[in-house]
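In the part that follows, the structures are each spelled out as structure tokens.
Here subunit A shows up in two complexes: once beside subunit B, once beside subunit C.
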Partner chain A sequence: MKKMRVAIAGLTACSGCQLALLNCEDELPELFEKFAFHFFPMACSPALLEGEYDAALVEGCLSMPHEKELLLELRKRSVHLIALGTCAVWGGVAALRNGEDREWLRQQVYGHNPVASETFEPLPLHRVVKVDAAVTGCPPEKEELLRLLAGLTRGALPVGIDYPVCTECRMRENLCLLTERDMFCLGLLTLGGCGARCPSLGVPCEGCRGPVPEANLAEALEIYSEKGFGRITVLDRLRRFCPEWKL
Partner chain B sequence: MSNGSKIDILTRVEGHGSVELVRDGGRVVDACLHLSESPRLFEALLVGRRFDEIPDIACRICSICSTVHKVSALQAVEKALAVNISRQTGLLRELAVQGGQIESHALHIFCLALPDYLGVNGIQGLVAHEPEKLRMGLKIKKLGNLIQETIGGRAIHPFNLLVGGVGKVPGADQLLHLKDQLEELRDEVTASIAYVSGLNDILPPLSMHPACAVSGGPPLFGNRLVTSTETIAVNSAAAWLDEQVEAHTYAKVSRFGGKIPFLVGPLARLTLAMPAAYAHYFTDTSIRSAMKARVIELHLAVERAQVLVDLLLNDGLKREQPVVAIVAQGEGTSVMEAPRGVLLHSYRFDDRGVCCAADIITPTSINQGAIAVSLKELIVVMDGAEYEQIRTVAEMLVRCYDPCISCAVH
Partner chain C sequence: MAPQYIASHNLAALLDRLRRYGELHGPVRGDDEVVRFAAIAPGTLPDLSALRTLLPPKKYLLHPQETILNYTAAAGYQMPAEEVRPLILFGVHPCDLAGINYLDRVFLGDAPDPLYAARRSALTLIGISCTPDEFCSCHISPSPLNALTDLSLQSLADGYAISSGSPRGDELLEGVKEILEERDIAVPEDTRRFFGQVAAEPLRQELDATLPDWQTLADACLGCGACSICCPTCYCFDVLEFGGLDGRSAVRLRQWDNCLLKCHAEVAGGMSFQKNRAERFRYRYRHKFRGFGPLQGIPSCVGCGRCRVVCPAGLDLRPLAERLDEGRHEQ
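== the complex of A and B ==
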């Protein structure tokens, strides 16, 4: 059988989504047998964009002109373009001060030296190209990446998740950190799929997978307010991973 | 299918950078390193965030080094707010950091660098030509991740490490499982020292750089920087590292006395404090020996992890709530060793515990000066060689430093 040609690229990010794939230690040799990771600079040389790809998996947000060019090139060459991880899907941590003066922020780090002045406010991929599917998470779960690749071999794209972390947390019969322990947990508003990883160890959800569709923010804000977490506190925390949270 | 375009970036390293070879006629006359990763401006992002958010955000600087960033940020925050952690928390964090060391070194040695020594182009080449070595490397890598997951809740961006303590203390059964796994892989790690040190060198010997490392604590931890001639206390470390913004790189640059580039990381750590048992591997301490240093550190990390697991089991694991931080004005700096070398996190908080200044200095930003010098020397040594050959060896040279460019630029 002809191997599927896959490109894996990282833009502005921490390489964590690509590392999550490289962390599939048991499956990795088989993955490299089943797929031609033709363009995957983090793990393979050379970085050569050539021909067409069955799928391009792109990690990170966009914040530099040449990243836009690479993304457009990948889009043009690929049947499916998949946003990998929270930065690619929502903007991620790099975008947490979006809306503020970028040049002022840049100067906080580089002073008046013009280094990196061509960079711009981080954008999720869908602002520039059509994205066919998304796997969210900071980082995404390994199993999600394996399911994504397995699906691609059948021509299937991952189905979007439409339930919050809360649902998975209840299924695990965890104590509710928000209602029973008064902790600032974002599981109510955050996309599931992680198996409620953090609350299951008693650590509140920090919202790393972005907003669940049709989240009832107004109602959630009331619940948070009853627990002593004000509107600004909640929105500030939500924007840690997704700058577009608004009422 | 001929519509190819080669992208001029370094491969098999973390992040984005490139080596520019300057040609004069047919000759390569100069080489420059560009760290062109887009800056996320972390030091600006952290300002305005509450103390307990700092470690969660700062660890996102880098995935490979996320555990050590988290622990480093926690230490700086705790110092600023005068939080004293328990012995158990200290041991757990130390174990998590050793797990990160194992994972990072195994990834570099067996997945990213080994292809250079075997003349293949990446993991795909290893799958085809050296599947057994790759599988062994991946088993060691997986062990590093298992340790990080057991303590941190997740291999990348561990969430279970909190200001003042941990979320859920791992159970004795989990630590016993780690103990078994460490024991099972110990011989393979020992054998990999012989294997890696038996590989033929891929680089000519190049000049050594002065070295710098963290000292004064358990392995990888400490409260000062040391060089062969100086000791610098943690509170003076940022000023001593004296990062400067330079036009050709997005990562800030540090030099001894503003002039001399220096080396941090495995080879620097070992040359400054060489365990007698390993001295005979280092007849040559130029950067081409970094791979040997890394595999020896892999072994040291496994040994230390075994000690830590035993200490925790002997103490008996106790359920503990994190120490509550009392919000106050304060400033704290932490230095420790990330897999690639000296890592500094420094924060200042106002009287509401909100961050008003952040400074993060990472190993690859320090090493970039040394890489640049090595590249220039390589061009001289290889004068007359073909352009493509020089390019290939130049990339191997950069890879010997195991750069982590997301960290460097952040």
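== the complex of A and C ==
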């Protein structure tokens, strides 16, 4: 069978999502049988952008002009473009300070030293190109990545998840950290699929997978408020991973 | 014959003897204070003071997520080989027993579900009496479902009246008889009496879609699914199939679903039979309080109160049910 040509690129991000893929060690031999990783600068050299791709997996948000060029190039050359991880899907932590004065922010970090590249407000991929599928998470779940790739070999894109972290948390019969322990858990508003990884260990959900479809923010804010977490606190926390959360 | 009696101090001995018949599970309080049905460790007692576990016993019969078929190119689709071992559930309250009765009607009906049937036949149910709290509603709306047990324990001052409800129960009683006594005691009625009641004439009219209650409920619902996950009779499931990386294998999964979620009524092409949460609440209400399909007229709510306890928004369908039932002749 002909191998699928795949491009894997990282934009503004920590490379953790690409690493999540490389961490699928048991499956790597199988992956190399099915996929030709033609463009994967983080893992394979040389990294030459050439020809067409069956799929491009892109990690990170956009914050520099050359990233926009790369993304547009990948979009043109790929049948499917897939946003890989929270930064690509929602903007992520790089977009945390969106809305603030960029020159001031630059000075906070670099002082008066010159900066190598021009930057702009970080954007999730869907603001610039058509995204065919998304695998969210910081980083994405290994299982989700492997299912995505296995699906691609059949020409299928993943089915979206429509339930919040709470759903899987309840299925695991966990103590509810929000209602029973008054902890600041964002499970109610956050997309599931992680198996309630953090709350299962007694750690409140940080919202790293971004918003669940049909999130009821108004009612959730009421509940958080009853627990002593005000609107600003909740929105600030939500926007750490998804700056597009709005009232 | 005088009722059989077991003294409280003999409970540990009873549990030890029951272990001979299978793995013994019951309500166990965890370090996090959550009470769950779980294995009762030898030398420990279950928590019989708790009125409800977080998940009902349905988790043993219908797992939250499970493989229902495996595909390989050589063998095609195959049922997973599951070793089903005898399981004894100790300390099950009448509402949960009625919940199992409902699941039996669904999964052992016309086309029995093989996984469910195998697990169910390996299950021994030992019920225990309880006193309803403010979240319970078994005593408010009697149910036509049956709270059937193999053995039943009814709390008395210093022990339990114990009785059999099946040939399996007779066998167990025989096996533990050396720690039982016959006592001339008055056995009080327990909450089992609210079950197995004659069902009211099923209401066949469609629920009024214009009732403002559906939207009021929808506005407060967070869509977390806790109500149905924790419901002893919510059995809706989703079926997902994932092909393997090798291109020659696949696994088909079944996982708990929830009628308040977006995907529940979605079909190919992204169409949906229930586009918004208000419509989904009407559907949920219908299933819980009117019943549908072959179980039309059999409400599936057994009054355990879990949905009210776990809902982060404190939603409760009961007041609406009471109002609609009162006005049922006017509808």
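Keep in mind that, in the parts below, the second predicted complex is superposed on the first by the 244 of 247 C-alpha atoms of A that agree within 3 Å, B and C clash if a C-alpha of one lies under 4 Å from a C-alpha of the other, contacts with A are read in each partner's own complex, and residues count from 1 in each chain.
Following the convention adopted for this analysis, a residue touches a chain if its C-beta (ideal position, glycine included) is under 8 Å from a C-beta of that chain, and two chains touch if they have at least 3 such contacts.
Treat the numbers as computed from the prediction; the structure is a model and nothing was measured.
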item	value
When subunit B and subunit C are modelled together on subunit A, clash or fit	fit
Partner chain(s) touched by A:A43 [first = subunit B, second = subunit C, both, neither]	first
Which of subunit B and subunit C A:S63 touches, first, second, both or neither	first
Partner chain(s) touched by A:P122 [first = subunit B, second = subunit C, both, neither]	first
Subunit A: partner with more touched residues, subunit B or subunit C	B
First, second, both or neither for A:P213, with subunit B first and subunit C second	second
Partner chain(s) touched by A:D162 [first = subunit B, second = subunit C, both, neither]	second
A:G228 touches, of subunit B and subunit C: first, second, both or neither?	neither
Contacts of A:L178 with subunit B and subunit C, given as first, second, both or neither	second
Subunit B versus subunit C - smallest C-alpha distance in the overlay, whole Å	10
Residues of subunit A at both interfaces, subunit B in one complex, subunit C in the other	202
Residues of subunit A that touch subunit C when the two form their complex	1, 27, 30-31, 34, 146-147, 149-151, 153-154, 156, 159-160, 162-164, 166-167, 170-176, 178-180, 187-188, 202, 212-216, 218-220, 223
Contacting residues of subunit A [partner subunit B, same complex]	10-16, 18-20, 22-23, 25-26, 28-29, 32-33, 36-37, 40-52, 63-64, 67, 70, 73, 92-94, 96-97, 105-106, 108-111, 113-116, 119, 122, 138-139, 197-198, 201-203, 206, 208, 237, 240
List of subunit B residues in touch with subunit A within their complex	1, 3-16, 37-41, 43-45, 47, 53, 56-57, 60-64, 66, 107, 111-112, 115, 121-124, 127, 131, 134-135, 138-139, 141-142, 145, 153-157, 159-160, 162, 167-168, 245-247, 249-250, 395, 406
Residues on subunit C engaged by subunit A in the complex (per definition of touch)	30, 32-34, 36, 54-55, 59, 64-65, 219-226, 229-230, 240, 242-247, 256, 258, 261-263, 277, 310, 312-313
